[in-house]
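These are the structures, in structure tokens.
In what comes next, subunit A is part of two complexes: it sits with subunit B in the first one and with subunit C in the second one.
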Partner chain A sequence: MTIFRFALKRILRDKTNVLFLTLFPIAAIFLPTAEDGWPLLPLGYQYFGILLLFVSIRLTSIMIEDRQKGVVKRLAAAPVSHFNYLWQNLLAFSVIMIIQIIIIISGGYAYGHELYEPWNLTILYLVFMFTAISISLAWNSLYRSKESSFLIFMAVIVLMALLGGILFPVEMMPVVFERIAVIFPTYWLSEGIEWIVFGEDRGDFLFINGVLLLYALFFLIIGSIRRIS
Partner chain B sequence: MVNVWRFMNIVFLIALWIYQDPPLVSFLFVISLAIIVCLRWRFRLPSWTIIIDLILCFLFIPLWGSSAYGLALPVYEMMSRQKYRFLIVVILLIALFELYSIVLLWLLFQAGTFGVWDASSKKQRERYITEADRERHARQALENVKEELLKSNRKTAQLAEVSERNRIARDLHDHVGHDLTGANLALEAYEQLEGREAEAMLNEVKLRVARSTAMLRDTVHDMTPVTRIGVDVLEHIAKEFIHTSVSFQRSGDMKLVPAHYWGLLEPCLKEALTNVARHSDATEVNVNLDVTTYLVRLSIQDNGTESKHLGEGSGIRNLKVRARANGGSVTVNTVNGYQVVCVLPLEEDKR
Partner chain C sequence: MKELATIRFIGIRMSRDFITMILLLGVPIILITVFSIILGEVEGLSGTPIRDETVVLLVLGFQLFGGAITMNYVHQDLFAERKNRLLSLPMNTTLYGFSIMLAGIIYSILLGIILITYTTMVFDVNWGNFIWALLVITLMSSLSSIVCLVFTFSVKNFKIAERLSEVYGVGMILLAGLFFPMPDNALINMFNDYVNPLMLAYSSIDQVRSGGLSDGWLYAALLSVLILIAFGLLLLTGRRRMP
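What follows is the complex of A and B.
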């Protein structure tokens, strides 16, 4: 578990990182609830998915850094398998993001937000977190420098949030876009949030999480490729 | 290329899904197929995984008819892996769901053809690779044999030298040595004797000395070779060359050069002179043979002007290999005329 511990230490050593990782979820708790009925959840909870995407790209960028500095090359020669390196790093990222999810859910509960079904919301965030990590992993595998990867991914996040129905409801968009929205994981997150608020068929919730997990698996397979140079 | 085709199929399914607006559940089909395609891209999956594709198609065709287009992927897989028995399942699926669209059948046919083509090209590639490997092996083995031969050539020359030395020592010891020792003893006895006995002893001494002289002459005669050896051969070749005038200079102690080196210097000179005769417009050739304590250097320089563009023939290349096997080198210089230089090191024990 050396890699896991080291990854945690590396992330927490950076002061701006710590600030970024703790301040934003706490600030999200205090965002108000919309008055015109949409978003359904308090704003902080509606946009938490975007935050998860940002955090995941920020965390996984240390793997690009490893590649840039030649750590991956040295690891290839060391008696550590690529699989070990990958899962221990991913575990470290997950642990940090799980803590954020716990902060925002328990904080919101304590603050007195109407969260409808906090447990299910936690599950939804957890599943989306895995999707977010694997998306950023796959995204990073396409780039050589972490700056360009991060900057372009910011644009992608905004696009996904816009088209996926997080920033405004999908129903407002033209029909074609409504259909296209389905291919974005963010669409399934907003569907999940909708289910939590209106909560009908339990099978729907499972289906939504299933799709998100399949997405996670898909991007994980792409992102787990070992790029040495 | 195959992966591009696979992913394009997924893109096509997504586009179709967006266009046709089927129930949301059928999106699972697209993602699942995408995951399998990804896995096939990353890893070499076993053939039975084709069943997963087929099961997915079986499950989702009732929900979304266009899922049938997804069959292109398993059809390609089974054709490229030559697992034709899965085709029965595809035919059953087509019959079961009555998928008699011409476009679909045409697509599946294309996918199958692509699979067959891919399989055959893969097989061809493998054959080329094994053939190239075999050739490389054979070439390497040949090189090894050549090296071994050159080494054993060197060894044989050394062995011949040693055995010849032994023979001479034996001859001198057995015949000349015994007679001379006998003569020496007889002379000592002669000093002590007088009269007829002394005369007989003196005759004995004379006989022995005469015999050993004859024996020594014989031995030396046996040792002197009838054919030319060593530097004489080189000089002879230079003298016999009629194409241009050849000047031969030598310096140093020729005895330092081991016998097997002459076997290399001789073809070297011959090759250079042949090249002059065949390719060059030279009018004069200078041959220098220098022997120092550390090395032997043979340089053949002509004053030709036409040989500059000449590449290296197999002759020079062979000489290079042989020189390298002896720890030396053969170099060609075309700056001033055409010059071949052969340098060979002298071994410690020869100095």
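What follows is the complex of A and C.
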């Protein structure tokens, strides 16, 4: 578990990271509930998916840094398998994000927000977190420098949030957009949130999480290919 | 004035910086397109279509980030990679810094003009008077460049300066209530009425397009006062840090 420990240390050594990782979920707890009936959950919880995407791209950037600095090359010569390197890093990212999810859910509960079904919401966020990590992993594998990867992903996040129905209800969009929305993982997140508020059929919730997990698996496979040079 | 002649080369460098171009031109175009399609022709409470409001705010909001280009070039040329090379040249680094700023401002204005033209031609957004909109865009991009440079000079670590510039951009948009309505707090309202550059610029354009030229001037003047204050700070901080 050396790599895991080391990944945690590397992330938490950066002061901006610590600030970014703690301050934002806490701030999200205190965002108000929308007055005109949409978003259904308090704003902080509606936008938490966007935050998860941001956090995941920021955390996975240490892997791109490894590639930039040639650490991956050295690892290839060391008696550590790529698989070990990958899962220990991913575990470190997940642990940090799980803590964030626990903070926001328990904080919201203590603050007195109406969260409908906190446990299911936690599950939804957890599943979306895996999707977010694997998307950013796959995204990072397309780039050589972490700056350009981060900057362009920022734009992609905004687009995904917009077209996936996190910033706007999908029903408000023209029919074409409504159909396209299905391909964005954020769409499934907002569907999941809708289920948590209105849903009755357990199967729907399982289906939503299944789609998100499929996305996670798909991007994980793309992102986990070793790129030494 | 050989320093000013470098503007051309800075311009060429900027035009090859595709990532910035995607972020400051591609993203707003996509956002504006999506928003305009979603909002359609719905009219707001005050009678102006919501689309006119949102699109103008978006274009002005992206001007808040225009300063990031200036900031990066000043950092690269005067503090990091090219510092020693530029110091060995027979030219005034301060003036060179100003010419980078000028190039950044012009670049940002150009992006603004492209966006204004796009929104007017494709979505028929009402910008009121084009020249007035251009003036406001100029003020906004100057302010953003100057503020970003103040950040660069006042903080030792460039990473923090970059974050501060993002806080400036996102913070102003947040306070203007674009993400979600702000609480009705006297302090926030006052800030939006008299200090927030985004709201000042928007009010100025909004006043002029609904015929209140004198109020438009008032807001533009307030914006200019902000620029003057920021410029004073720039001179103060720049004197200490310029190589």
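The rule is short, and it goes like this: the second predicted complex is superposed on the first by the 229 of 229 C-alpha atoms of A that agree within 3 Å, B and C clash if a C-alpha of one lies under 4 Å from a C-alpha of the other, contacts with A are read in each partner's own complex, and residues count from 1 in each chain.
Convention: contacts are C-beta pairs under 8 Å (C-beta built on N, C-alpha and C of every residue); 3 or more make two chains touch, one makes a residue touch a chain.
Keep in mind the model is a prediction, meaning the values are calculated, not measured.
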* Put subunit B and subunit C onto subunit A via the superposition and say whether they clash or fit. => fit
* Which of subunit B and subunit C A:Phe207 touches, first, second, both or neither -> first
* Once the structures are superposed on A, label A:Ile98 by its partner contacts, choosing first (subunit B), second (subunit C), both or neither. => neither
* Asked: In this superposed model, does subunit C or subunit B come into contact with more residues of subunit A?
  -> C
* Asked: Between subunit B (first) and subunit C (second), which, if any, makes contact with A:Leu31: first, second, both or neither?
  -> second
* To do: Using the superposed model, measure off the angle between the directions from the CA centre of subunit A to subunit B and to subunit C, in steps of 10°.
  => 100
* subunit B versus subunit C as contact partner of A:Phe168, first or second or both or neither -> second
* To do: Applying the touch criterion given at the start, work out whether A:Ile222 contacts subunit B, subunit C, both or neither, answering first, second, both or neither.
  => first
* Asked: Does subunit B (first) or subunit C (second) touch A:Ile183, or do both, or does neither?
  -> first
* Upon superposition of the two complexes, what minimum C-alpha distance (Å) separates subunit B from subunit C? -> 18
* Where subunit A meets both subunit C and subunit B, residue numbers -> none
* Structure fact -> The residues of subunit C that touch subunit A in their complex are 19, 22-23, 26-27, 30-31, 34, 37-38, 159-160, 163, 180-181, 183
* Structure fact -> subunit B contacts subunit A in the complex at 14, 17-19, 21, 24-25, 27-28, 31-32, 34-35, 38-39, 42
* To do: Enumerate the contact residues on subunit A facing subunit C in the complex.
  => 16, 31-32, 34-35, 43, 148, 151-152, 154-155, 158-159, 162-163, 168, 172-174, 177
* Structure fact -> Listed in rising order, subunit A residues that touch subunit B in their complex are 176, 179-180, 182-183, 207, 210-211, 214-215, 217-218, 221-222, 224-225
